[in-house]
Amino acid sequence: MFIQLLMNGIALGSVYALTAIGYSLIYSILQLINMSNAAVFLTSSVVFYLLYNSVSKGMIFVTFILTLAFAGCLGYIIELVAIRPIREKGDGNTYALISSIGVKTILEKVCQGAFGSEIHPFPTLLAGKNIVLWDGTKIEWIQIIIIVASLLILTVMTWYTQNTRTGRGLRSLSQNLNACHLMGMPVNRLIGISFAVGSMLAAVSGVAYCMYLKSISISVGAAIGNKAFAATVLGGIGILKGSVVGGFILAIIECFVSGYGNSTASQFISFGILIVMLFIKPTGLFGKKEQRKV
Amino acid sequence: MKNENKFTEIVKRLGVRHLIFFVTMIVLAIVPLFVNSYVLKIFQSAAINMIFGMSLNLLMGIGGTVSFGHAAFYGVGAYTTACMWYHFGWNFTSAFPLVILFSAIAGLLLAIPMSRVTGRYVTIITLSYAEILNLIMRNWTKVTNGVMGILNIPNIKLFGFELAYKDEQYWFILVLVVVSYVMINWLVNSKLGRNLQAMRDDSIAAEAMGIPLFSHKVIIFTISAIFAGIAGALYAHIYGYIDYTVFTSNLSFNCISVVVVGGLGNFVGTIFGALFLTILPEMLRNVEFLFNYRMIVYGVILVLVMWWNHSIPGAKIKAKLRSIFNKLIHRNVESVEEV
Amino acid sequence: MSLLEVNNLTIAFGGLVAVDDLSFTMERGQITSLIGPNGAGKTTVINMLTGFYTPDSGEVKLDGELTKGWDTTQYVRKGFNRTFQNIRLFSNLTVEDNILIGMQHRIPYGSFLSLFPNKVKNTCEREAREEVTEILKKIGLEGHRYDKSTSLPYGMQRKLEIGRALASKPKVLLLDEPAAGMNPKEKVELSEFIKSLLNDVDGILLIEHDMKVIMSISDKIIVLNHGAKIAEGKPEEIQRNPEVIEAYLGRGGKQHVDAGE
Amino acid sequence: MKKFLTVLLAVLMVLSASGCSRNQNNVEVANKDKPAADKDGNYHVALCLPFTGTSQSYAKYIEMGVNIALKQLERKGWLNGDGTGKIIVTPFDDTDVATEGAAIAEKVVSSTDPFYLLEIGSFRSDVSLAAVKTYRDAEVPQYALTSSHKDFLPSSGDWGFSLSMTQDIAASRVAAYDIKYLGFKKIALIYSNDSWGNETKTYYTAQAEKFGVKLLASEGYESGTQDFKSILTGIKQTEPELVMCFCAETDIVLIREQAEQIGLNCAWQVSSKSRTPNVLTNLTEKGLAEGLYGIYAQSKNLKDPVYMAYEEIYKELYPQVYADAKNTTQKYADQGYNCMATVIWAIQETMKTSTGTTRQSFRDKLATLNNFHSVQGNLTFAEGRKILQIQYLSQIVKKEDGSFAWINYEDIPFDADKECGFK
């Protein structure tokens, strides 16, 4: 039982982590919580399903690439249309935040309109094969694939932000946006790219989650959005490593509590931990205490 | 420059905003005489949203804190009055002090973690706080009747005089809207109000001027929660049925939209914001082809309003309009400390 | 007994010692200046004198009263007030409101009385507004009473910030580079203005880079370098002090001055 | 400014005190006796369902059932047989939110043109409950066909109707089938923590205890949960023979899938809410359909002429939906059809009477529904308008041609009501 719960927690944690990286990436650059990220999570899963059943019948990998492309464009367009004009006026992020809520409502309702509220089977990788541990715990290969994928993406993202030119550009944006303007960096293009990357991450975690569940319905993104968001803050907002660790911790605790206790208690605890954590160490697990610049 | 100052001085003393507010209230007061009970019900919920919107505007516009969990206080107010009726048979007036007390406590509890952290955690703390309160509403079966919700909450009784008819209830809510507006303006135009706005604009400078940040944050949260609780209590008695599905994050987002559409710190704007965003979905309900795209249009309007108010192209157009009736419109709060 | 005594003040941020064992005194009715190259720890001293940073060791006495354990509100109530290096006015508030915030701890009614109209609140507010008129006259901004603070030109914003600090009638007024970004004519005007402030406050601690301003109005100058005090004395003495020159002009500069002697 | 303010407050106070002198535009006291037919003899019915949101498919099916009944009536020349006397249905979307349901109720109640005879809907109980006060005060019949909340009928005065059994009977019968007929002793329970799920759990547990069976586990999950693995792992420890699931169809598919993933092997049962073709198709594709027990309210006798006529129009109007559900009709479409059929019957009966069809006469007639030959067997409104329906045990079995299908055990020698002591 213990190992089964641990495995459930790790698999779920990797989905939280993937979505959390999306939030953290955009937050670290713009100090903006991109509410539409959860809606992109849902839209990409729906697009994957529709593509899989129509255009690229049966070829998971091709559909995956197409969905990633779609999510990237969607992210860029969201930034271009709904966020950029508001951000540039510089009235503080509240208004960009409200606009991202508007985008979230639009995307969710479009998906509900197109997809209906029923549940449909969703393709998965290495279906049916699983490993049976000594005490009867069954672990699906898809769980392992998702865990590996999330760690892989974390390393790629950290390498990307450290070594490539655009990666360093994204990081410098998070330090000081105006300075980048002065240095002649194409700030708007970079922010667009960061939204695109964030959306692609949301797409990957959306599809991974649906593969993990082997089903898809329009309420798929609802719970994940809040939880991933909580994971971002638990690990230290803006720090990629933090959001992954935060995601795993939150998911493991949630699984253990709902395994031994009940699911209501697990909801209480996952939100309660967050507030207690913020009480003790507001900057999160990996955040550093900032000296107030007066 | 000389005559320009004299004019702003007159406008300031007369308070063009208060004038617009009272004229609107007069117009709203005579609405029930011309309109059937369906439209009257919309105006009732618009009036309740005005109080709820003003309470959040007090927190966001004056206190400088964007709260994503304001539906929590709305819910505490609603459940207090409903539970007092459900368990002890109290009516609206006798439960009212408790509504204020429990909402204040709920506000206080949120203020404590909020004042310890910087702006960027505001969103997640308020969201989680509202989520926890919603879970409590759902699972504290002995008190809140749990997921079954509380049914048949009676009409509002004012010292024995039951407001059975819709227009009576509507006028009572309008009276509360006026009272809330007046009390909020007393607070805003006082030392406390000024200090809060100073904290909103620059908390370090405010601290340097000797303003006790923690105690002021607690005060503004408590007062804002009380008004939200009152709005919740009104909702409970007007609609007669409450359960946990009403007090969700969607309600908080709608309230934020009302405040932001109306203009941060601009309480008359909140009145119009509440009217606009309550009547709009109802109007869309009748438009046939928009039948199930109602919420999509709502989302588009949200983005458009943000674009209109707070984007450079939007500002250019507005600047042209503003030059026409420049003197009358009093400017809103331009920017809020980083979220 | 001197107005302000600072003994062995030390503070370090993660190993970097920002202020190292600083001691000096401020006399009543005098302008004491604190100068030093960038990063010498001048602003950190002001932050410690207003409760934003708590020093690792050392003590501060105001009129003989120890300031240990005070929080920022007590510092202001006891008589400290400051301006900021980069102007921190309240952008959405009018000029009048900014000044009212400055005097907020002297307006004698609490948050409870703020909630409803009452005689105490009305009289206090009226008196406060009269006092604002006086301060506006003093800083020459009478015409801008209802303008938004951010709509004022730079020089006026500086004066407003000083006016705001004045409004709290502090014993010790801490000015953090008030003359920064001003042209020479404005600087002379500002020096006169700061001189005239002496009859409103007991003492002024001035941080400034412009030597003309420092030399023209300072009664005592303290020179900091890398957080340590390297010189203290009258303006003339400081001008000729070799360490000061070396700290400012570097080694080469010192020979040049010696040669010029 | 202060004087201005006090004047305004005084005006508002006077207006609110003078409440009684205004015209009676709020409560249409006399409307219940107003003839419901409009100038050209048509009757108007409001249909309030969650056409968007997470239950939009159920709304679509109910609307299909209603349209089929109307098409049938149209083919018979509408109410008067000569093409006049139409029934016009106006849809309203309450997006599954209680406040929306209340707002729509207000609109329906106060609308004079069109003058609604009755309101059908809404899908979820708490949306209907939010509107019950409005319909009761305005005395408009509210036909909440899928509402099984125990407080709905009592608190609707005598204006509420429902085609769903309340859980005190329905859930107890399920317990009787599981324990007395199928003989399961070690039972675990999963239920959705909303008003419906909570009620079913309470009565199921109570009835099981009456039969001397204590539930091994009783796990409620918050709506929106999708990862049930941890709950199922907890249940797996109790080694149950049967897991009873009171949950929506989307959840049971996930639960069954994840139970397979963690190796929880036992019998599974769902209530009538998830005994749907969609569950069948999803589980068949995953190879988990075999043996799933279910409960079917009413018997769907495929040879019954009423059903055959209904199925004919169903295939004609909605061929794609029919094919997707492996040539069976959707349960909620059947219920929608039954609801509209009873409404048509009640209107035709009251049209002949002296007062004609009014809200009051329609309500009185509908309350006397007895052995109405519907698509799902005979419908009767017992005392307090509680619907008495027969419930059959049902199961997914493998047919000879290898496909799977829901079958109902209608002819088993077992009377659940006698076991529960209702008879």
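Chains here go by letter, A, B, C and D, matching the order in which they are written, and residues are numbered from 1 within each.
We take it that a residue touches a chain if its C-beta (ideal position, glycine included) is under 8 Å from a C-beta of that chain, and two chains touch if they have at least 3 such contacts.
Bear in mind that the values here come from a model prediction, so they are computed numbers and not experimental data.
K.L.:
Centre to centre, using CA atoms, which chain is the farthest one from subunit C?
P.N.:
D
K.L.:
Can you name the chain whose C-alpha mean lies closest to the mean of all the C-alpha atoms?
P.N.:
Checking distances from each chain centre to the full centroid gives B.
K.L.:
Where the centres are mean C-alpha positions, what is the separation of subunit B from subunit C, in Å?
P.N.:
41
K.L.:
Mind checking the centre-to-centre distance between subunit C and subunit D? Centres are C-alpha means, answer in whole Å.
P.N.:
Centre separation, subunit C to subunit D: 74 Å.
K.L.:
Report the inter-chain centroid distance for subunit A and subunit D in whole angstrom, where each centroid is the mean of the CA atoms.
P.N.:
37
K.L.:
Give the residues of subunit D touching no fewer than two other chains, as numbers and ranges.
P.N.:
52, 56, 193, 222
K.L.:
Can you tell me which residues of subunit C touch two or more of the remaining chains?
P.N.:
If we look for residues of subunit C contacting two or more partner chains, we find 52, 84.
K.L.:
Scan subunit A for residues touching two or more other chains and write them down.
P.N.:
Only 109, 113, 264, 267, 292, 294 qualify.
K.L.:
What part of subunit B is in contact with subunit A in the complex they form?
P.N.:
Touch residues, subunit B against subunit A: 60, 66, 113, 116-118, 120-121, 123-125, 127-129, 131-132, 135, 138-139, 204, 253, 256-257, 260, 264, 292-293, 295-296, 298-303, 306-307, 309-315, 334-339.
K.L.:
Could you pull out which subunit B residues touch subunit D in their complex?
P.N.:
Answer in residue numbers: 14-15, 18, 22, 25-26, 29, 32-33, 36-38, 40-42, 45, 135, 138-139, 146-149, 151-152, 163, 165-168, 171-172, 174-175, 178-179, 182, 239-243, 245-246, 282, 285, 291-292, 294-295.
K.L.:
In the complex of these two chains, what residues of subunit C are touching subunit B?
P.N.:
50, 52, 72-73, 75-77, 81-82, 84, 88-93, 97, 100-102, 104-105, 107, 109, 111, 113-117, 121, 124-125, 143-148, 164, 168
K.L.:
Tell me, which parts of subunit A touch subunit B in their complex?
P.N.:
It is residues 27, 31-33, 81-82, 85-86, 88-99, 101-106, 109-110, 113, 226, 229-230, 232-233, 237, 264, 267-268, 271-272, 274-275, 278-279, 282, 290, 292, 294 of subunit A that touch subunit B.
K.L.:
Given the complex with subunit A, which residues does subunit D contribute to the contact?
P.N.:
It comes out as residues 52-58, 60, 193, 219-222, 224-227, 229-231, 233-234, 236-237, 249-250, 253-254, 257-258, 261-263, 278, 282, 285-286.
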